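So the structure is just underneath, and the comments pick up after that.
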Amino acid sequence: MDDYATIIGRVLDVRKATVGLTASLGAEDMVAQSMPDASPAKWHLAHTSWFFDRFVLQPLGLPPVRPEYDYLFNSYYDAVGPRHPRSSRGLLTRPTSDEVLAYRRAVDARLADLPGSASSAGSSRLSRAEVVAALELGLHHEQQHQELLLTDIKHLFSQNPLLPAYDASAAPDLAAYASTGAKASAWLSFDGGLREIGHGGSGFAFDNEGPRHKVYLAPFSIASRLVTSGDYQAFIADGGYRRPELWLSEGWAWVQAHAARAPLYWDVEKTAHQARAFTAFTLAGAREVPAHAPVMHVSYYEADAYARWANARLPTETEWEVAASKSNCLEQTFGHAWQWTQSAYAAYPGFRPLAGAFGEYNGKFMVSQMVLRGSSCVTPAGHARLTYRNFFPPSAQWQLSGLRLARDT
Amino acid sequence: MDDYATIIGRVLDVRKATVGLTASLGAEDMVAQSMPDASPAKWHLAHTSWFFDRFVLQPLGLPPVRPEYDYLFNSYYDAVGPRHPRSSRGLLTRPTSDEVLAYRRAVDARLADLPGSASSAGSSRLSRAEVVAALELGLHHEQQHQELLLTDIKHLFSQNPLLPAYDASAAPDLAAYASTGAKASAWLSFDGGLREIGHGGSGFAFDNEGPRHKVYLAPFSIASRLVTSGDYQAFIADGGYRRPELWLSEGWAWVQAHAARAPLYWDVEKTAHQARAFTAFTLAGAREVPAHAPVMHVSYYEADAYARWANARLPTETEWEVAASKSNCLEQTFGHAWQWTQSAYAAYPGFRPLAGAFGEYNGKFMVSQMVLRGSSCVTPAGHARLTYRNFFPPSAQWQLSGLRLARDT
Amino acid sequence: MDDYATIIGRVLDVRKATVGLTASLGAEDMVAQSMPDASPAKWHLAHTSWFFDRFVLQPLGLPPVRPEYDYLFNSYYDAVGPRHPRSSRGLLTRPTSDEVLAYRRAVDARLADLPGSASSAGSSRLSRAEVVAALELGLHHEQQHQELLLTDIKHLFSQNPLLPAYDASAAPDLAAYASTGAKASAWLSFDGGLREIGHGGSGFAFDNEGPRHKVYLAPFSIASRLVTSGDYQAFIADGGYRRPELWLSEGWAWVQAHAARAPLYWDVEKTAHQARAFTAFTLAGAREVPAHAPVMHVSYYEADAYARWANARLPTETEWEVAASKSNCLEQTFGHAWQWTQSAYAAYPGFRPLAGAFGEYNGKFMVSQMVLRGSSCVTPAGHARLTYRNFFPPSAQWQLSGLRLARDT
Amino acid sequence: MDDYATIIGRVLDVRKATVGLTASLGAEDMVAQSMPDASPAKWHLAHTSWFFDRFVLQPLGLPPVRPEYDYLFNSYYDAVGPRHPRSSRGLLTRPTSDEVLAYRRAVDARLADLPGSASSAGSSRLSRAEVVAALELGLHHEQQHQELLLTDIKHLFSQNPLLPAYDASAAPDLAAYASTGAKASAWLSFDGGLREIGHGGSGFAFDNEGPRHKVYLAPFSIASRLVTSGDYQAFIADGGYRRPELWLSEGWAWVQAHAARAPLYWDVEKTAHQARAFTAFTLAGAREVPAHAPVMHVSYYEADAYARWANARLPTETEWEVAASKSNCLEQTFGHAWQWTQSAYAAYPGFRPLAGAFGEYNGKFMVSQMVLRGSSCVTPAGHARLTYRNFFPPSAQWQLSGLRLARDT
């Protein structure tokens, strides 16, 4: 029973933290969806519970807690049936937040009962190891949604002319800036040669992190720190958003279509008058932020254009992982901002998706997206890894995405 | 003081009723916006209060109750400043419903104090008669929003796969059917000649209802009753939605673009098996409705196509008003369903919009819309009039819009 | 035979003139389509021929000249079968212009043979009177397309940075300005009372021009002349395109969506420096035009906003027809610019569409369009009438549409 | 002078061949643009000439042949100025095809004069080696447009209900099928290890083909032949287009949005009844094609889904190049169909774009596109190379794109 008890205890802790993230939200904040890419907070609460209901409890022979939720809260798993359209999630005023919280409690109660009940369930379609693996996946899945819940609520609040604060005191997305002084960035050089990257050992990892494999690497240098907001202000001041030669063709089209002038959430007017700071919308409302803080909320297009302007380039994910794996080398590897790489999200050599619906978790998104590495200041503790591969379309700005420079040596 | 006391008492009664309409709604139901044409219930509560704050209280010299609401809850009055985009109303999770209700109470309290305070306010830009007129307009404005609140919440709930009921017992949009038996429709004939229509007497009317004016009318016949759902089922069964010759060109394009097969909210699959009823989504949830009930939620295109199929036509608004003004003649004139006319919404001869921002109330919409006459079963008591001109674009289905046939004699 | 010979002679004359309009066009000019509302010149040549083939020759028992053209060159007649999508007309590089011209000649030859052959055709589904009526309709139809051919080629050429001239010497759309001096506009007053409008006598008219019917009219005044470009420059200079209070709500949205600043084809930059002229793209290329010339290429929204700015309004079509029917009264009634009225395009009392496919000619467009009266300087001679009802959506600018003011007396 | 004479001779030969490709086109075929991705044939003729004028002749001190063409026929080079919008190329009925051909001749004449004139031009901004390099690039550029001219005209003709043939006798896109018998596909195995790919030697290559660099490769197998149309029919028959589990998420959305059921140009209805053939639109019109012919005109999504269905995968571009470089190994490497790889189009390690405007040729497209290798049956002779990297967005179907399977060993 020990394996069950341990993983279930960890799952329930994580799930408690998810609910905790909504403590400052009113019922109305829970339901709204500010764009198709984002989901309502309530939907995150429900979907992460459905994940356990559908992929752990139901295969063990338990009836669905709420059968109608199989349709409402399936995100994208074609293998387990049809689903409510993503762009209409904000219209689900029912079930209410209270009903969703009750659903969470019901799922939690069944999970808590698992050590006792599962062994006796005759109709399970899962082995014990499979149950543990599904619980572990559900835990990491829920952690991913914790971060998404924050980035989505930030986007929602940013659309409100009142600019409400999610948490004015904790200010979770300002944590990235807390400890970062004015220390200059240095170029760290790495030899070329045959290296290994990817997840290969024990411990949890998503399927897309493996298999561990050899990669030949040319010599390269990588910046010790992330690009700061002050650095990025210099790019803007130098006409960065007006010079097509700095941009990918698709990026320049994006600049023009969106009349982009700065990272998402920057208050351009106010920032223009600040030498050592910029003003931005944060989870604590509109704030003045020191210029030495890492730049965040840039698209891949912006990251790439900045790097070109700086006579550098973005690192590949291999370079990033090799550099980051050398202890005491890179700063701001984790816990500040996700870092765009120049690597398109693709299968590693020998990649095999998980069996069944879990195979849809990562593999089916391997086109038209770019890999980000590291983690952000709102990534849950214990979630990120050296081999972790985050991925988003090149136009995405609403994640806490920044960049670190690299160059050929 | 009597004029003040009377009108303010009436205003406060109407405003109380508005809040009453939201009794069954949760906070989440209050914020969602299901399409750009519809508004959140909370927005209706706030906007109708802002109307009094901005057009009665502020001109009397009072400071805005909440200055930031001048931007958030202005609907379309360019004369009084910029406004939040209509299609983003559903993202306003703040102010919360509780804050909006507090705003309502603050406005109500100031309105209740008016008889005492207004006379002493030295800075009023309004005469006493103007204040009374603005209050009267605000009252009727609020009644319009009462009906819109219901049609908008109906549309929102219809988008939810759970098909929640707004009010399963009162079933307000089923009232249209309550008293209507199977009595057949008759053709009522009217002589031609010079007639007068439009508002000309005392009592409140919107500016677009006047001036009263002469119209020359050819002889015509008009149906004694509204087209029923059973009638409309026969049109569908006869291939109504598959025969382009029955439709206006723009209507046929609309049928194809929307794959339209029935009025909005009809459950086509279920209805196909019902001889004397149809199944539709209502404010009481999905319901079986008797076939003798008036058809509702048809667009102008559908109303027009039905009429052509029936070898008839829609009445002009002049014909409608002349027929409806003859006592004991038409049935179902008011209180069942709004009735599309073949008249485009336009200025009457000699029309002058009200002065100032109130001039934007009706006049600036006089293009690309069609007039509906009568009233529906959810129109507030006392709101409709013989001269009342409702108007919507020809594609609108989400109002309680039905039709009455006419023909040349 | 005389009736046949006469009408066929007239038809062939008109058809010859159509081909003449394309004399200055190269093959490439013939095929391009600059927007879905416009059609290629070649398509006009083919469609007008198809009209005779399909509605005169085929009903007389003749086989189609080119069976595949029944699909390609049907415009919108659902009654006679499916058709090529309107927005793809510009992709029909085949049949070539030469093939289309050969098609025209084949149709013309059959038409020329009609007097001899028709009487002997045993399989005709048309009476002789019906043939004559169809020929007459085809003639007027072809004249309509003559004007459309010019407005469509003008739009196409305006999209070319080289600004090519259709006809630099004849300059057909400048004819409107030729004879118009600086004579001031006067207000002409008309008594109210019962009047008759619409087509009622003999001679050809479209079905939508009848029946002749009584209308009661309030007293009104109407401007003796059209609004000039100089008048319109004053509207622009007074902030006309920046003041929402002058516009219909839908019109203001149109201004913002299109960043409208002037009538279509005006060169705003150049015009801003010209006191007594404006620079515009014309069928003779970019030209400086005197300010006393009528303003053209305005949408209904612009016409309506101008009238409001001028403390006036647009006339109704009844007012226009009553005023225009009084001899020696209005100037610039015909032959200068089409004149927007404030009347939505609708059926006259007692209107009956023609039988069969011809019933689709006018009746199915009676929604969401506004009536224009008079005629333009490129309307073919003999085509316009006092009762003629042209109609376009309120956003249309590419026709030679101007305006004449009216006001209540 | 020899280097000049040689390259100019080759350039003029290639340019002559370009004009030859339009021999069967009428003037109208030359101007139409069937979608924003495609360009008119005339535009290809003009743009390839502009390339020499702008990048060879003007830098040598010669005035532009036609200054206004710098705007009209610049494709995407921001460094040399603004340009006509891509999606409006089909509206350029002027300059006419004849004028464009005259432009070509003028450019050719200046090129032919280069050996004599260039040395004496005092104002050249280019060294002799740079001129030769620019001529060489212009030659390969022109060859690329030769293939695009054919794929674009094929797309245009496919939109015409008459399905015209570009060349019924030569049938250039059927050449792929000519020599291919029913020989079965075999799996060819390759050891893993450190390999080198990319252009490194002498001879022309595009900048994106280098630098030559080491890649570590796991063992893999690759199919000896391309996937045939018959293979692909089996995929369709097995529900390939109805099974989401076979598709990338973005691919499945594409299937639904486009109601995709088969490769572009397939006549699904006819093909469904053919066991050993399929019917498709080709440059020779609609043709029945043997099932052993390579499948073509599939998007990356389709290629990827097919591979998943076949329990295989697409090769990486490294695998493709390593396999193709081993002589007598792969069949159908060149001259049949471009082959989608699973590699996103990205910079090779150490990649440096060419200096100046030529740097925009390839580098700025390195996002959101996938690499295709090999060449098609309409690729000009001598154009393809082992290291050649073609690239298109994953949704592109109008190129002659097929696939070859790979798998892990």
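Think of it as A, B, C and D in the order they're written, each chain with its own count starting at 1.
In the analysis below, contacts are C-beta pairs under 8 Å (C-beta built on N, C-alpha and C of every residue); 3 or more make two chains touch, one makes a residue touch a chain.
Source: prediction; values computed, not measured.
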* Partner chains that subunit C and subunit D have in common -> none
* **Taking each chain's C-alpha mean as its centre, the one farthest from subunit D** => B
* Asked: Counting in whole Å, what is the centre-to-centre distance of subunit B and subunit C, each centre being its mean C-alpha position?
  -> 37
* Using mean CA coordinates as chain centres, what's the subunit A-subunit C distance in Å? -> 58
* Structure fact -> Residues of subunit C that touch two or more other chains sit at none
* Structure fact -> One finds touching chains in the pairs A-B, A-D, B-C, C-D
* To do: Report the residues of subunit C in contact with subunit B in the complex, numbered from low to high.
  => 76, 78-79, 194, 213-218, 244-245, 247-252, 300-301, 304, 313, 342-344, 346-347, 349-350, 360, 364-368, 370, 394, 408
* Residue ranges of subunit A touching subunit B (in the complex, touch as defined) -> 26-32, 34, 42, 68, 71-72, 84, 88, 90-97, 156-157, 159-162, 164
